[in-house]
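By written order: A, B, C and D. Residues from 1 in each chain.
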Amino acid sequence: MSKPNLGVKIGGVELKNPVTTASGTFGYGEEFDEYIDLSLLGGIVTKSITRHERKGHPPPRTAETASGMLNAIGLANVGVDAYVRDKLKFLRGLGTRIIVNVAGFDLEEYLYVIDKLNGHDEIDMIELNISCPNVSGDGMEFSAHPETAFDVVSRVKKICDFPLMPKLSPNVSDIRGVAKACEEAGADALALINTLYGMAIDPFTWKVKLTNVTGGLSGPAIKPVGVALVWRVFNTVKIPIVGIGGIMDYRDVVEYMLAGATAVQFGTANFIQPDCTVRAISDLEHYLRERNISDINELIGKAIKI
Amino acid sequence: MSKPNLGVKIGGVELKNPVTTASGTFGYGEEFDEYIDLSLLGGIVTKSITRHERKGHPPPRTAETASGMLNAIGLANVGVDAYVRDKLKFLRGLGTRIIVNVAGFDLEEYLYVIDKLNGHDEIDMIELNISCPNVSGDGMEFSAHPETAFDVVSRVKKICDFPLMPKLSPNVSDIRGVAKACEEAGADALALINTLYGMAIDPFTWKVKLTNVTGGLSGPAIKPVGVALVWRVFNTVKIPIVGIGGIMDYRDVVEYMLAGATAVQFGTANFIQPDCTVRAISDLEHYLRERNISDINELIGKAIKI
Amino acid sequence: MRIELPLKSFPKPGTFLHIKPTREGSDPLLRRAFSIYDYHEADGAVEVLYKVFGRGSYILSRVPVGEKLDTLGPLGNGFEIPDPARKLIMVGGGVGIPPVYLLAKCCLREKIPATQITFLCGFSDRTDLVLSERVAKLNVTTEISTDDGSHGYHGYVSELLREKLAAGLAGDKTNIYACGPEGMLAAVKRVALEHKATCYLSLESIMPCGVGTCLGCVVKKAGEERYHRVCREGPVFDANEVEL
Amino acid sequence: MRIELPLKSFPKPGTFLHIKPTREGSDPLLRRAFSIYDYHEADGAVEVLYKVFGRGSYILSRVPVGEKLDTLGPLGNGFEIPDPARKLIMVGGGVGIPPVYLLAKCCLREKIPATQITFLCGFSDRTDLVLSERVAKLNVTTEISTDDGSHGYHGYVSELLREKLAAGLAGDKTNIYACGPEGMLAAVKRVALEHKATCYLSLESIMPCGVGTCLGCVVKKAGEERYHRVCREGPVFDANEVEL
């Protein structure tokens, strides 16, 4: 059989395959340059950037949990100016799609950062991290309610030169409402899920394991939640979905695509196997060949009810 | 050192220790009678009962996930009449606290079931499972919004002969609002968390693993979420909290109590070690002795920030 | 796999052990059920026979000899020793052979003449033939079928059963005992009905708890919208009780 | 533990291996970092020396000899071979001994005279003394301290260091290389400052990725509100660069 097609399309952007990296787990790509051929990836989502540099929380910033980990890095990043100045240069040459994750603590910050990124054609897409607390609002995450989500996405969309992909939090009562609001606000795609709200305490020292007390739960432990929410959103909106959460290998990629994802992001897995992404890509090709599937898009949303 | 006190008090009810069993994971106690001395337990929470008998979903009803499991049993239960007729008899003699978990798909069903239970003094407390979809409402879980939670809890409280403990869902944008609403509605205690919304698909057969498609995620995988939400609620309400989620042994009991729980429930752990509860009780006593802690209540909410 | 599990008395055939494969960490989380395959009265050791499917059985296959295993059981409701007057046909499909083997061994131990017993082993191909090794040693009439015809009878073991019943073995005087994949059991049930034979099936199901409390392992009761717990009311059922 | 990890050249002392303890399932999830303890030029095998703390090290301690281990590395930024003119004091606390041992071995290999090197090993009590076995074989001046006085010098190894510096070893002509628990390193840093000695510390931290991308392992930079990645900029730092 001829080489199956692994290419997918997200918000008008063509990826050579559905395998991309999750924000904050792949830095700006540099560290992985020595482990894998970055040009093989469908895309790279870079660490959340904000208006100003952020040093992040004091350590300890992570703790291991059952089949997962907690993190409270604190959105440490170089800030948008240094990002544009120092990081885009490296990313330009990689031969893979560059998706810039943008975070903000109020509407103005999002708009400021997007404005700074506009015009830089190394960038293929913006992933909007709306799982941040709205400090000048009620302090709740922007993605916690359809109204706030609609507000920030529609305002950003107006000024954004690039396709826009809001990234949704799983910590919501009804993700369908939030997803619908983003779609109506003009989102070109949706990425989900971000980390689950979590915490750990050492029963012997009585100390919390993170200086920030609570953090974000990621890893295989959360995969069933990510798959369920992708499935829910897939049955709610028409725009493409990028599935995230506990993806470790090609089988998890298939599971997310069957649930309705058009592409996926590998996060925590990068910490355990630096080459997990490229391995998954070749395994996916093998998987399709074995089954005589000529196009990976045939998997999307094809989960069979029993 | 003299025997440390393990006794705790939940909504006016004294438990000989903080270790109880989670609804739906311990049946009505009968099956475990041959494995453990039930009289050692702080209490037993029985399987959710509804107005009429429910046969539950067709199999498969469960699937294993990373450090967890999904279940969609479908609230299978004998119905309140058979429960009162056949099950209370057995429970009466056990010498442990009996907490009856009540579920409903509309307000009337809750009121009907509570009315049938009123007057039966074998019952020490009611755990109100408000994580069910309100079919005669917007189809969302009662515990998804503070308003709906307040409504059902206040109405039930008016007619309920027993202390009332609503059981909260983790699938909410802000559990603090829901917890506060329950407290204002007259709840005597709060139990959390119920299972996380989840789903799994077999990447080789493409079939969903549960006939119900989605199910509830439980087990060690969700412990960080349970601990975080207990901590959040502990810092929001004054009524006692019963911690649930991924508790496998005494260390997890300590972790939940440090986060703010006054008592805990063992769920999935019962499937893996039928004697996990009684083991935890003796381990807890040993833990307190070693540290010269005379009263287990000294642990509640004592997590140390770093 | 041999497990030193001092059982005082001969275990009831059809009952199972619930074994925790994981010794470190919480993944995989749940126990796995394995039918009791054999029992050694000398030292009271129990044996299970398994095939490596997925994670649990793979981990078990790598447990060093002499390691402690966390085991619950024997659990469940096994086969009743049949009335000696009946003809007995044992049908085992792949890893379904162990419980039926133990039943046959038990029958012989109860002085039921070997001539009363016929043992049919079904496989998809020849790769798993080893599973029938001890059956051959029972000295009862034994026949093997493979779906691909690579060994013995060519076709499903249920078809082999049909031929046996057609060729003389009077159905209404026969008890059939079967364990194997659900598809095979459904077929065996149909054949048994056709020939008015009494039929007992040992079912498989995903079993989180194994002791009857999670309600996860259920199978539909024949005729009514109710369920049996495979781990508690079963795993052995009269074929007429369950809907496959 | 000996790991066959064909390294062509002698590894840089202070670098570490990132080892996945879990071979089945996803719990525990993360790799564990272990300093390279020794290197055998004959077959290019690397050794790590560890103590069983929690789950990861426990699982490793039960890996049968000959098993494949999933290992990344050598990773990180190790010790630089010092200027032969300097006096060298190596300070290792418990499982902090391995990287400093390899540095000492390297120095001797680089023809730095043994007389230049003093090796101080600190323990809480005598239970872990084995960790200093190979140090003794280096034929450099070696002293051992135990917090409880059960063996050698009675007190913290940092106090032993202070006495050495007070008794002659001119601080400003001395390089100190230390690895151990954070408290010990902080004390060593203080002592080094008092005596104007140059001081390099190998730090520990919880390391999810080990390659510099998760930003989980950071330590605060001295003086400023910024952080170093222990896995990438470290684990070895000039004591003046970090705030403990």
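Worth pointing out:
In this text, contacts are C-beta pairs under 8 Å (C-beta built on N, C-alpha and C of every residue); 3 or more make two chains touch, one makes a residue touch a chain.
The model shown is predicted, which means the values in this text are computed figures rather than measured ones.
Shared contacts of chain B and chain D, meaning chains that touch the two of them, come down to A, C. Taking each chain's centre as the mean of its CA atoms, C is the chain most distant from chain A. Rounded to whole angstrom, the centroid-to-centroid distance between chain C and chain D, based on C-alpha atoms, equals 57 Å. Chain B and chain C have Cα centroids separated by 37 Å. Between chain A and chain B, the centres computed from C-alpha atoms are 33 Å apart. The residues of chain A that reach two or more other chains are 60, 66-68, 219-221, listed in rising order. Contacts with at least two other chains are made by residues 25-28 of chain D. In terms of which chains touch, the assembly is arranged so that all chains touch all other chains. The residues of chain C lying in touch with chain A in their complex are 25-27.
Within the complex, the chain A residues that touch chain B are 60, 65-68, 70, 140-141, 144-145, 171-174, 196-203, 205-208, 211, 213-214, 217, 219-225, 227-229, 231-232, 246, 251-252, 254-255, 258-259, 302-306. Per the touch definition, chain B reaches chain D in the complex via residues 66-67, 220. Of all residues in chain A, only 24-27, 31-32, 35, 55-56, 58-64, 66-69, 71, 73, 76, 219-221, 248, 268, 270-272, 274 touch chain D in the complex they form.
Those residues of chain D lying in contact with chain A across their complex are 20, 25-31, 72, 205-206, 208-220, 225-227, 232.
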